[in-house]
Every structure is written in C-alpha cells, then in structure tokens.
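Structures are listed in the sections that come next.
Next come two complexes built around chain A: one with chain B, the other with chain C.
Then we have the complex of A and B:
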C-alpha cells in the first residue's frame, strides 16, 4: 500500500495542496487531470525527486518522506522513457541490479521472465536509438520492474505511442500488472486507459485532488462540476455480458459482438443516442422507450436526460430537433443507438 | 528565393565574400608552411631547442587541460543543474577570462603570485610560478578554463535531468547517477572541450609571457620559441615552431568539429 498524507509541494510558480491518496497493495490506480494539473510533479514528489514542503508518504506502512529516492522502492517510467542512450537494452534493464543485493539466480530468473513477458529478448543487444516507441516503452518497463519495486509510477506511458497499437499495449500492461503483483500508479489523460486498466481513479486539477473513487464514482457520480465536465463521457454503465448482449439494470443491449470478459462496462457517446417519436426501421439494433427526465442548455446543443427503467441515458440534440420532436420533461420518447456505437470493456 | 534563370545578386555577392575570406586564411597558412624547404624544416624540428619547446608545450598543455577538466566538471554541473544565490553573477565572472586580453590576465597573475602575501607564501613553500614552467601551466589554465567550462555547461544543460531521476529510482545515489549516467552521456562534450582547451593551451602566449617570461630552454614553449627566434632572426626555427602549431590547430579543429558540433563555445 502507498499513501500520501496532506502532501504539500511548493515549486516556483507551482503548488500542490493537501494531496491525500491511498492506493491498495497490488492495485492499479489511475491519476487523471488536464495538462498542468500537477500530475507529473506529484509522481516525482512520491519518488523523492522533488522536495516536499509538508506531509508524509508511506509505502507499506513505512514513512519514506525523508528517504532519498534510491531507498524508497518506487520506480518511475517517464513518458519519454529516458532509457540510458549509452547503454544497450540489456544493460539498461540490469542497471538497477548494480545497486541492489539480488541473488544471482533470482536475478537471472527475473530477467528471463521480463524479457519473455515483454517480448524484448530479440532486441537485448541493441541501443535505445535503434528502437521503436513501443520497444522503448517495454524496455523502460522491464528496467523499472527488474529491481522488484514496491510501487511503479507510470507517467503517461501510452501518450507517445501510435494510437493504433494502444489497445494491444493496454492489455499488455494489464497482464504485466497481474503477473508482477506490483502496485501501479499511472498518470493519463485518456479515459479509455482509466476504464480498461484502473480499479481506482483520482482526478486532479490545479494542484489539488478533485475526486477519488472507483471508476463508477468518477464517471457516474462526479462530485463537482469540474469532474463532471472533465470526464465528459456520459452514458457509462456497469454491465454483465451474456453472449453478444450486455445487461444493464434489466435492459438487454445488443453489442453485435461477444466481449472477452463476463462483466465490465459499456459506454455510449451522447451524440450517438438518437431520439425519435415513432419506431423506425434502420440498422439501429437497440431501441428503448423512456421518459424525458431533464433538459439542459449546453450552448450549441441541448443535453436531454432520458430515463429507461432504472437507467438514465443522455443524448445531445440540436435546438431544431428539440422543437421538431417536441421534447419536454415528462414526455415519452424513443431512444436508439447502433451496436457499433457501444464501447465495452 | 530566386527563380531559375533569374540569378540572385545577394547569392553571388555573399558567396564571393565567403570565398575571399577562405582564400585569405588559406594563403597565410600556405605562406608559413612554404617559406622554408622540407629538409630545412626537418633539421629545425630535430634541433635541440625546438625539441625542448615541443616537449615543454606538450607537458604544460596536458597538465593545464587536465586541471581545466577537473575544475570544470563540478563547476559546469553546478551551474547547469542547480539554482542558487548569485548564480548569474558567478556565470558572468567565469566567462570573464574569455573577454580579458591574455596579456592583462598575465599581468594580474604576475601581481597575484609575485607581490601578494599569498604568492609570497607559496613561493616560500617552494611553489614558484613567476618565470617558471609552473607559471606556464597556470597561465594556460586561467586563459582556457572558460572554454572547457562553457562547453561542459552546455553539454550538461543538454542532458535531461530525468536520466538522473530514473537512475536514482533504480537504486543509485545522486553522485552515482552523475558518475554512471550523466558523465558517460557527456562524453562527446568532454572530448570536444578537452581538445579545444588543449589546443588553445599549446598556443597560449600572452599570459604565459607575462607570468613565466621568455627564457630560452627554460620557459620556451612553441609560441615563445616562435617569438624568440623571430626576434633574433632564426627564421628556420621560427617557421618550424609555427608549422607545428598549425598542424596541431587544424587537427584539433577537425576533431572538435566532428565531436563537438552540439557544444557551443560562445
């Protein structure tokens, strides 16, 4: 477990106020927030690289606030990976061993396992300058995990990578977290990272923690306008998957595909939810009857909340559609969405 | 931008000037090297006096370069990495010897080591800088340390502190991170800085003349030898010294351009 208590950091032109975080042992914690919120500084302060003005940091019950970085058992992987350019991949990975007492046999086993798990055995003798972004990232992860840290800090590890490979890398990261049993704390501004990896999430803004909680808490029950605006992704529901269907609050939703896991979440963008007065024949696989429970002016659009049994769906429509459909609070209306518009994880 | 067939005037004029300048430099080098015949040059280089000058120049410049490296590494690192009170003032002071004429620097050193209680105490302890080879080393160090310092400062500034951060989280102290990560990464800058400092040291004349004097076969480095032999009409010996200096300078320039492209002196 890693815990910060009333963490205060004061840097020229930048402050962090009363950061209280608690990350369970072996957890995967995701820290989100807009650029300039102080996420990287917080990670660096936890690792002991930035001085703390007041407060404590506790790793597995031990107060490490006054310890230098090398004695904390906290590894960090930066966005740009910071692999040592003068060392080969294998030398990079083994770098930390020189400063830790590790049994030779155990070190060999750990190295072989990491090379295998991260699939980097074939590039072991290369220099970082000759690696692709994905390879750099995997080597950086191996280097950080080679010393068997208590906590691994990841500073936007996916943002520098080709979006096409992100899904694959996410599942790799998830697998690595499971097999290494190390506590992960990852900074990201991609919601999909949070949704597919995290078991707990914190949202940060202007040097403060705006909200901490489960994914549902953050996305379904934001405690402030900032968090609500920040998470933006509406229509997020915990779901049980059965065949190609997702079941949320007794509603059966057709996904058009069979998800890998038995339960998880589904999310639908508000603009993908179509409102209509009469059922219409189209490719829409999902059609439900609901009651308009709220209408909010969002500038160019109107945000309409529609209650379908226990679930509330949110749709964005233009002012013109609002009048044409005669949408008013309490009116019955049909909602429909394509199965391809449903994100499941 | 010029279109085809419409030749730009500024292009022609500017290229003309660059060619003119290159020619001017080339001509004076050729003048020196071709002033004497090859057998005469070889005889001169083998003479006792020139051999002494070569040896003294190599030894003093090597020692002063090593001193420059030893002092510049921590200094440059401090000014590249840390913020502290008086940092910009120290930066300015450290650059001063670059702007100071070497003769003036030499006078300053002469007064410091010749007349102050500090200098006298050193002299009494047997460490004599005035009119000795030791003075040459000090003069070279004083005039050239800004080159080493500036190149290294630029090099360290160019190395992201994240490398040290990561190294520290991997278990080493900040000193070990510097030793095993930053220093190896600064290799090219160190090499370039050493080469330029050494080559400037070999050619150092003004400050060395003031502090160490120009005594034949005692404080006679290559530039001093050139000066002494030129003034007493030993043209062949003077040319020999000059030719060796040219070879060293051009060789150093080549190595510097090759490895120090990123490090800026000014």
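Then we have the complex of A and C:
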C-alpha cells in the first residue's frame, strides 16, 4: 500500500498541488495525463528523487517522506530504461544486491526466476548498447524487481517500444505483476495500457489529480470536461437539463434519468453513436437526422463528423460500414444512441 | 561524378592554409637542430632538470585540479542555482587574463603587505621564486581546462542513471563511485591532459613569480635571449617531444578495451 497525502511539489516553472493518491497493496495503478501534466515528477517525488514542499508519503503504513531514496524500497523504471552502460545485463540486474542484505540462496533463486520470467537468460553477459528496446525494458524490470521492492514505479515503459510488440509486452507486464505481487504504479498516455492492465486509474492535468477511480469510472463516468475529453469522449456538449432531458443547441436528448444538476455537460463515446440510412426500431431512444460534414481516416476505422443543426457529433465506424452506408461528405444520415450511453455531469 | 561547387574548393583550400600555418613553423623548429646538438642538449643537467621541473609542476597542478575541481564540476553539471553563470565565468577568467597579469595578481596576494602573504611567510611558505609558486601559477591557469572538460563529461551522463542507482539502494557516495565515476573518468583524464598541457606551456605568469627554479619555457626564453635561436631550439624540441610521448602513453594506457561484443 502506498499513499500520498496532500503532496505539494514546487520546482522552477512547475508545481504539483495537493496530490492525494492511495494505491492498494499489490494493485496495478495507472496514472494517465497529457505531456507536461507532472506524471514523471510525481513518480520521482514518491521515490524521493525530487524534494517535496509539503505533504506525506506513506508506504505500508510507514511515513517515508523524510527518508532518502535508497531507504524507501521504491524501484523506478524509466521510459529510456536507464541501464548502466558500463555494466553487463547480469551486473545491472544484480546492482541493487550490493546494498541489500539478501541471503545468497534466496538471491540466486530470485535471479533465476527473473531471468526465466523475463526471458533474458540468453543475454545475461551482454552490454546494454547491444540490446533491442524490448530487451532493455525487460532488463530494467528485472533490475528493479531484483531488490524485491515494496512498490515499482513505471514511467511510460511501453512508449519507446515498437507498437507491433506492445500487446505481447503488456501481457508480459501483467503476468509479471501477478507473479511478483509487487504494487505497480505505471504512468502512461496510452488508454490501451490503462484498459488492459490497471485495476485503478488516475488522470492528471496541470499538476493536479483530475480524477481517480476504476476503469469504468474514468472511461464511462468522467467528472470533468477535461477528463471526458482526455479519455476520448469526443461528443462533449454543454447542456441544460430539464426533467430527464438534456437540451443542447435546441436538440432534446433523452437521458432516461433525471440528473442532479440543472446544467452541465453530456458526453457520449464516439463508438456508441450508430449511423444508419433508415430509422430503425430498437431501444435507441435518441434519433436525429444530420448531414455528414467530414470523414477522417484514423487507420483501423473512420471518424465521421455529422452535423445536426448547430451540434457536431462524432462517430467511429469501420471501412466496411462506411461503404455499405454510402457515407460521403454532404449526404444526409441518421444518428442514434442509447440513453444509457450518455454520461452527464 | 557531380561537379563540386566553388564553395567546396574554398573549404578545402582554407583547410590546407591552416594546416600549413600550424605545421610549417613547428616542423621547421623540430628539424632545425642537428642530431648531435640534440644529443648534447639532453646530456645537459640544467636542461634535464628544467624539463623535469616543468613536467612535475604541471602534473601537480593537474592533481590539485582533480582533487578540488571534480566536486565543483559535478555541482555545476548537476545543479542549477542563482549565480551559476557568474561562477562559470569566474572559472573561465584565468583563460582570458593576459599571462603576466596572472603572475602579478598572484604576487600581490603573496606579498608581505597582504594578509595571506603574511600567513604564508609565518608558515615558512615562499611563493616568489619557489616550486610552490610555480605550482600555484600553473594550477591557476590550468584549472579552468580541467573543470570545463569534466563538467562536460558529467553533463553527458544521464542523471537518471544516478536516480535509478539511488532507488536501488545506493547512497549518493556509492552512486558516485559505482556509476558516475566509471562513466566519467575518461573525461577526467581528458581534463588532466588539457590542464597539464596548458600548464606546461605557461611562460608569462611563471616568469614573473619564479624565474628560478627554471622551468623549461623560461630556460628556452633565457637561451634565446642570451645565445639566440640556435641554442633555444634543441631544448624546445626535447620539451615538445617528451610531452607528446607522455600524453600519448597516458592515452594508450587508458584507451577503451574492446570488451563489448
């Protein structure tokens, strides 16, 4: 368990305000946020590598705020892995043992297990300069876990890797977390990392925690415009609530429930907006007629912008449906979405 | 082959002019003395003594720079503080001050009417006309070269390596010994070579503080004044060759071993 209480950090031109995070023992916590949000600084402050202005950090019930980094039992893996270039892979991994009293037999077992789990036994005698990105990453993980830390901090460990291998590495990371039973805190700006690894997520922006919660909380029930936007709720409209309806630019949208506030925002994920040529009878409670105002190729899918009066809705569809529906700029089309897909705040 | 632009030929010609400018005088000086004259010069006890004095005072200056300059270079490479620019400019001052001025400046604090000079004289340390004085002058002029080279070396090492080392349980001191030093010692060596090379070549400041005992550049000057070009050249040749060989040996001894496969 690792906890920060009212963490404040003040660096030249950079501040973190009142960071309160609580990560359960053995959890996999993911911290997301745009570049410059202060994610790396927060990790370094937890590890004791950046001075804290005020607040406390508690690891397994013990206040470690005043302890130097070497006494905290918090390992860190950087984006660039920071392997010691003058040491071999095995020397890198065993580096931490110089400073920790570990029984010889126990150390040997741990080393063998890590070499095996991370599949790096065959490169043990090599120098970091001769390793691939994926190998560097696994060595960095092994080095960090070799001292059996209480918490492992991961600073965007996947962002420097070839996208083709990310899936494989993600599952490797997940397995490693399971077998090591160490608390993981990972910083990323990739939603897929969060969705596939995390059991809890926090979103950070401009030195503050914008929201903390489960995956569902963050992706389905953002509490602010920033988080909604950040997690890809591309259909985000300021709305006035009247009864169980939200009114946006003269459009009346059925929410199927009565929101607590009188005005705020509604957000709909683009994949929840269905396009069709004919109105179809289903549980879709909201149906509007609009004009296609733009089509953007996003690789595996297309992002279609549909103008309904003053509002522009964004929908994601596959190339196949793009052809089947005959979606072109300027054509008329129907959009529909379930009231349960609408998040209001 | 495509035709080269005139600019290309200008760059090449300038290169040749500069090579000739540097090499011609040096080659002429080295080849001027006859072999018998060189042999005779090196048998001269005074010459040997002054060359040896030059080398070991320069070596001491480099050693002092190493001991005191390394921590400062580390500080400058790793931290940002108000007035850092000022500190860096102060370190560079000895490079830009005219050499005789350096000598005069050092004498002025070593004199009896200055408190430091009084302390020195009470302790029995003589600056004027002594080896101590020479070492002080050479350290003064050589130190900036050491600090700048080493600072650059430290800056080339990612602070993250040190941070990771700390998080793995190493104290600041262990981190310096196990990570920073092994990665930076080559730049320290470059700094030592730069510093002692600069120190060996110093003349203007030394001649003011200590004409005697005579370091090699002072002896070369004296022989030139008293006997002319012909008698100063052989000493110069010996000084230059011995220094080149020493630096070469230092480089070879410490060249990276081909252990990476």
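Note that in this section the second predicted complex is superposed on the first by the 235 of 345 C-alpha atoms of A that agree within 3 Å, B and C clash if a C-alpha of one lies under 4 Å from a C-alpha of the other, contacts with A are read in each partner's own complex, and residues count from 1 in each chain.
As a convention for this text, a contact is a pair of C-beta atoms (placed from the backbone, for glycine too) under 8 Å apart; a residue touches a chain by one contact, two chains touch by 3 or more.
This one's a predicted model, so the numbers in the text were calculated from it and none came from an experiment.
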Superposition on chain A - do chain B and chain C clash or fit: clash
Which of chain B and chain C A:95 touches, first, second, both or neither: both
Partner chain in contact with A:130 - chain B first, chain C second, else both or neither: second
Which of chain B and chain C A:223 touches, first, second, both or neither: neither
Partner chain(s) touched by A:75 [first = chain B, second = chain C, both, neither]: both
Chain B versus chain C as contact partner of A:161, first or second or both or neither: neither
Set intersection of chain A contacts, chain C complex versus chain B complex: 44, 47-49, 68-70, 72, 74-76, 78, 80, 82, 84-86, 95-96, 98-100, 143-144, 147
Chain A contact footprint on chain C (complex, rising order): 80, 158, 160-161, 163-171, 174, 178-179, 182-183, 260-261
Chain B partner contacts - residues on chain A that touch it in the complex: 44, 47-49, 68-70, 72, 74-76, 78, 80, 82, 84-86, 95-96, 98-100, 143-144, 147, 149
Chain B residues within the chain A interface of the complex: 160, 162-163, 165-174, 176, 180-181, 184-185, 187
Chain A residues touching chain C - in the complex, by the definition given at the top: 12, 44, 47-49, 68-70, 72, 74-76, 78, 80, 82, 84-86, 95-96, 98-100, 126-127, 129-130, 143-144, 147
